[in-house]
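Would you mind keeping the following structure in view while I ask a few things?
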Amino acid sequence: MDYSFTIKQIAEQIHGTVIGDASRIITKPSSLEEGSNDTIAFADNARSLQKAQDADLGALIIPEKMSMNINETTVIKVAVPRLAFIRVLNMFKQPHTVYEGIHPTAVISKTAQIGKNPHIGAYTVIEDDVVLGDNTVIYPHVYIGKSVHIGNNGELHHSVSIYPYCTIGDRVIIKAHSVIGGEGFGYFQDSGKHYKVPQIGTVMIKDDVHIGSGTCIDRATTGTTIIGNDVKIDNLVQIAHNCSIGDHTIIVSQVGIAGSAKIGKHCMIGGQVGIADHAELDDEVILLARSGVSKVRVKKGRYFGAPHKPAIKAARIEAVFGKLPQMAQDIQDIKKQLNKNNQ
Amino acid sequence: MDYSFTIKQIAEQIHGTVIGDASRIITKPSSLEEGSNDTIAFADNARSLQKAQDADLGALIIPEKMSMNINETTVIKVAVPRLAFIRVLNMFKQPHTVYEGIHPTAVISKTAQIGKNPHIGAYTVIEDDVVLGDNTVIYPHVYIGKSVHIGNNGELHHSVSIYPYCTIGDRVIIKAHSVIGGEGFGYFQDSGKHYKVPQIGTVMIKDDVHIGSGTCIDRATTGTTIIGNDVKIDNLVQIAHNCSIGDHTIIVSQVGIAGSAKIGKHCMIGGQVGIADHAELDDEVILLARSGVSKVRVKKGRYFGAPHKPAIKAARIEAVFGKLPQMAQDIQDIKKQLNKNNQ
Amino acid sequence: MDYSFTIKQIAEQIHGTVIGDASRIITKPSSLEEGSNDTIAFADNARSLQKAQDADLGALIIPEKMSMNINETTVIKVAVPRLAFIRVLNMFKQPHTVYEGIHPTAVISKTAQIGKNPHIGAYTVIEDDVVLGDNTVIYPHVYIGKSVHIGNNGELHHSVSIYPYCTIGDRVIIKAHSVIGGEGFGYFQDSGKHYKVPQIGTVMIKDDVHIGSGTCIDRATTGTTIIGNDVKIDNLVQIAHNCSIGDHTIIVSQVGIAGSAKIGKHCMIGGQVGIADHAELDDEVILLARSGVSKVRVKKGRYFGAPHKPAIKAARIEAVFGKLPQMAQDIQDIKKQLNKNNQ
């Protein structure tokens, strides 16, 4: 890392109140665990404050209403430490290379409409009738198919594929190698042979969506696969044709969501979860990692296991598994005892 | 959607008999659930016909031998509604851009043989001794390694990678970012260090195979990894070295098949299933989603769970799980009771 | 395959002693199962020697101290048959095309430092301040972001993405479409909206690491995601921000490792395993395929199941599952019996 700031400089950026030595030099942000006397971290609850006691930090961001007394650490009080820490991270973020303008090797159809202030990397291909918003960053080797619409202030990273006729909102970030709008996996079987069902629908990705690397979101058979506003999707996720994902839902890595599943708003889908076709999740469903949901409706709550169960119930069942060999033995012993008693 | 047809026009294309108003305008195909009075859908069993009763469709395709009386919906009778609906979808499918000829930026070895009527997109790279069949569509940024043979009428989508010496049949579709023929994951361990086993075999993909996006099929150590005719593979699937997949088998998203596993014909492998190395599946094995198969032989049948069990048995076991905490308690109570009785 | 060698030629390369006819022609290496009278295979334990008895091989490599009497097969004795067989495979390996020098279409920043004897394929993009070691092979369509450092004698295959500021050691092989250094999946929630946590850390990949196709390794929030020396990672693996993977560890396909997990040295992580954030694996932990580890510490040993258990215990529990419906019935019967006895 090449940057350094005084605590005073940082406190100004995050509108914080300094308690302690404001002239100290901070060379990087850190976690509490990896802190040292030239790093800055944050704590916003009792547990993390406790951890911070043991960390030899240069500076610690805490909530306004909390108090903290650490000999060697300067404290900065702010309204919301987590959001302040995001600003600090941005202060220290080193620049990525982004092409200014349109790289001469980009192959762009004459019928494409490119917005103001474009950043289009080398060898990117943009097909007919694409509409690209303002300030959107396109890395090298991206493919944007016919008639795709992309909003403002977004990012398409290296080698992203957008199939034709898809729509992408504002401030959408799609990381390297993700594929949007591939044909859904639909076949009709007749006499043992499979006939491909053409997938003539599209994908609509709304505003503020982030999509990880290597994730696939398939176009609808008819109609639209929908990714709601502020949805965040991790790497290597599969979202099949005709799914709809409600606003603000979080989908962790390697999740698979089968065709026509409907996911509510503010859901939390843990890593490696599988959701069957036509399943329906209400708002605020939490599926812990590796859970499996069959073709059912799931009400608001916290679930675990495959098939999924309320998390508390799943834990109770899991607690019995270890006793099963003994239980099987006990039953045999009891049966013998009863036989003996009844003779 | 920009297209519209009269029901008469559609019925002619699908060789159907119209019952009702043939002059109505249809603007798109739909599912039964999303139907409206300008859409066309199909129904081919009692359950879907029931659904169709409640849908306010413009037109409904049904089997010749069924009858249906819906006030406001025109009916089209055909031999096989599912196949007729595929034709309807194709009528409404909007065109994708496909490059006519060979894009001037494509880098093609002088020793490559390109078939008739090529469609080779921008920046694609084709190495020495490649043989490419007629009418095959290659999207931008594809890489075709040395001596790869590809048949006629296929499609390689954006950024597909084909490693050297692989063979691909006719009418094969490979979606964006899939990787065919990477070296299998093979190491010999000696004194705690790993030595890479060179994978000198190849991959053979037979006719009419479809491969989703982001799927990886590794080349064999020696010999050939084989994907049979009419096999359909979804997104983000892993098929390891020396596997063989029988004709007409379906593999859903995120499945992992480990080295040297042999899968029979007409199998159905559900999403997120894992199959161990050297496992053998007979023909017509159905593995429900998220099942796991260890290094065993699996006979024709329907299975669920990890380790897999006959689906009916798995359901019976699953049904007991919810009772386990009570069962554990019952056993304790019984033991106490018996102790008391025996005193 | 186009190559053939006499057994004498092969034995010379692997420093072996021939017993039998050294003049026979071998046209390819094979497994024992696929052997024929012109192939060479190896056997190094009782079980594989038994298999070799039934295989009609041209030549068989065995350990010096073993003896073997097969009428029709020539035997070659060597110190370590597995390592000798790697040499044999390399003798028969057909060449892949590698660009000699820097392809004229590669877009390379003037501030990038390219080592001796480069092989940089068509349309690859190398950004500012990249440092590339000697003899490293870069396939077409690769993207190497700003300030990435890459060592000597490595390979980056088709369309690999390396985000800025990552460090890659010597002799590292990264297969097609893998993504190194994408921003980790980190969000702070405030009033129901998600705020992206900038991931300003990096990824460090040490020497002799191999990474499969379609694998994603995310950069750290702060600090470094570390992949140790001689780590081998298969296809479609997810390694989240701030993980560290110990030297010589093996990670099989479709594994997911969540943020800040620490994996020891010489571990073996089976296919489709999931490891929760902040989990800690000691050295020499073996996780069988599809196991799941929650946020705990795991000591040296062999584990199976989700949540993971010692493999022997997991097998004992699994053995009871099949009896569960009968056990439930038994308990009901026993209760009835006791009620009757007590009346």
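First chain written, first letter: the chains are A, B and C, and each begins at residue 1.
Just so we're on the same page, a contact is a pair of C-beta atoms (placed from the backbone, for glycine too) under 8 Å apart; a residue touches a chain by one contact, two chains touch by 3 or more.
Keep in mind it's a predicted model, so treat the numbers as computed, not measured.
Asker: At the interface of chain A with chain B, does the proportion of residue numbers present on both copies reach over half, so same, or stay under half, so different?
Answerer: Shared-number fraction below one half, so different.
Asker: What rotation angle, rounded to the nearest 5 degrees, superposes the C-alpha atoms of chain B onto those of its identical copy chain C?
Answerer: 120
Asker: Taking the mean of the C-alpha atoms as each chain's centre, how many Å separate chain A from chain B?
Answerer: 26
Asker: Which residue numbers or ranges of chain A touch two or more of the other chains?
Answerer: Correct list: 123, 141, 159, 177, 214, 236, 254, 272, 321, 324, 327, 331, 334, 338, 341.
Asker: Applying the document's contact rule, which stretches of chain C touch chain A when the two form their complex?
Answerer: Where chain C meets chain A, its residues are 107, 109, 123, 125, 127-128, 141, 143, 145-147, 159, 161, 163-165, 177, 179, 182-183, 185, 187-188, 190, 192-198, 200, 214, 216, 218, 221-223, 236, 238, 240, 242, 254, 256, 258, 272, 274, 276, 292, 306-307, 309, 313, 316-317, 319-321, 323-324, 327, 330-331, 334, 337-338, 341.
Asker: Contact residues on chain B for chain A in the complex?
Answerer: Touching chain A: residues 1, 28-31, 34, 80, 82-83, 85-86, 89-90, 92-97, 103, 105, 121-123, 139-141, 157-159, 175-177, 210, 212-214, 230, 232, 234-236, 248, 250, 252-254, 266, 271-272, 289-290, 318, 321-322, 324-325, 327-328, 331, 334-335, 338, 341-342 of chain B.
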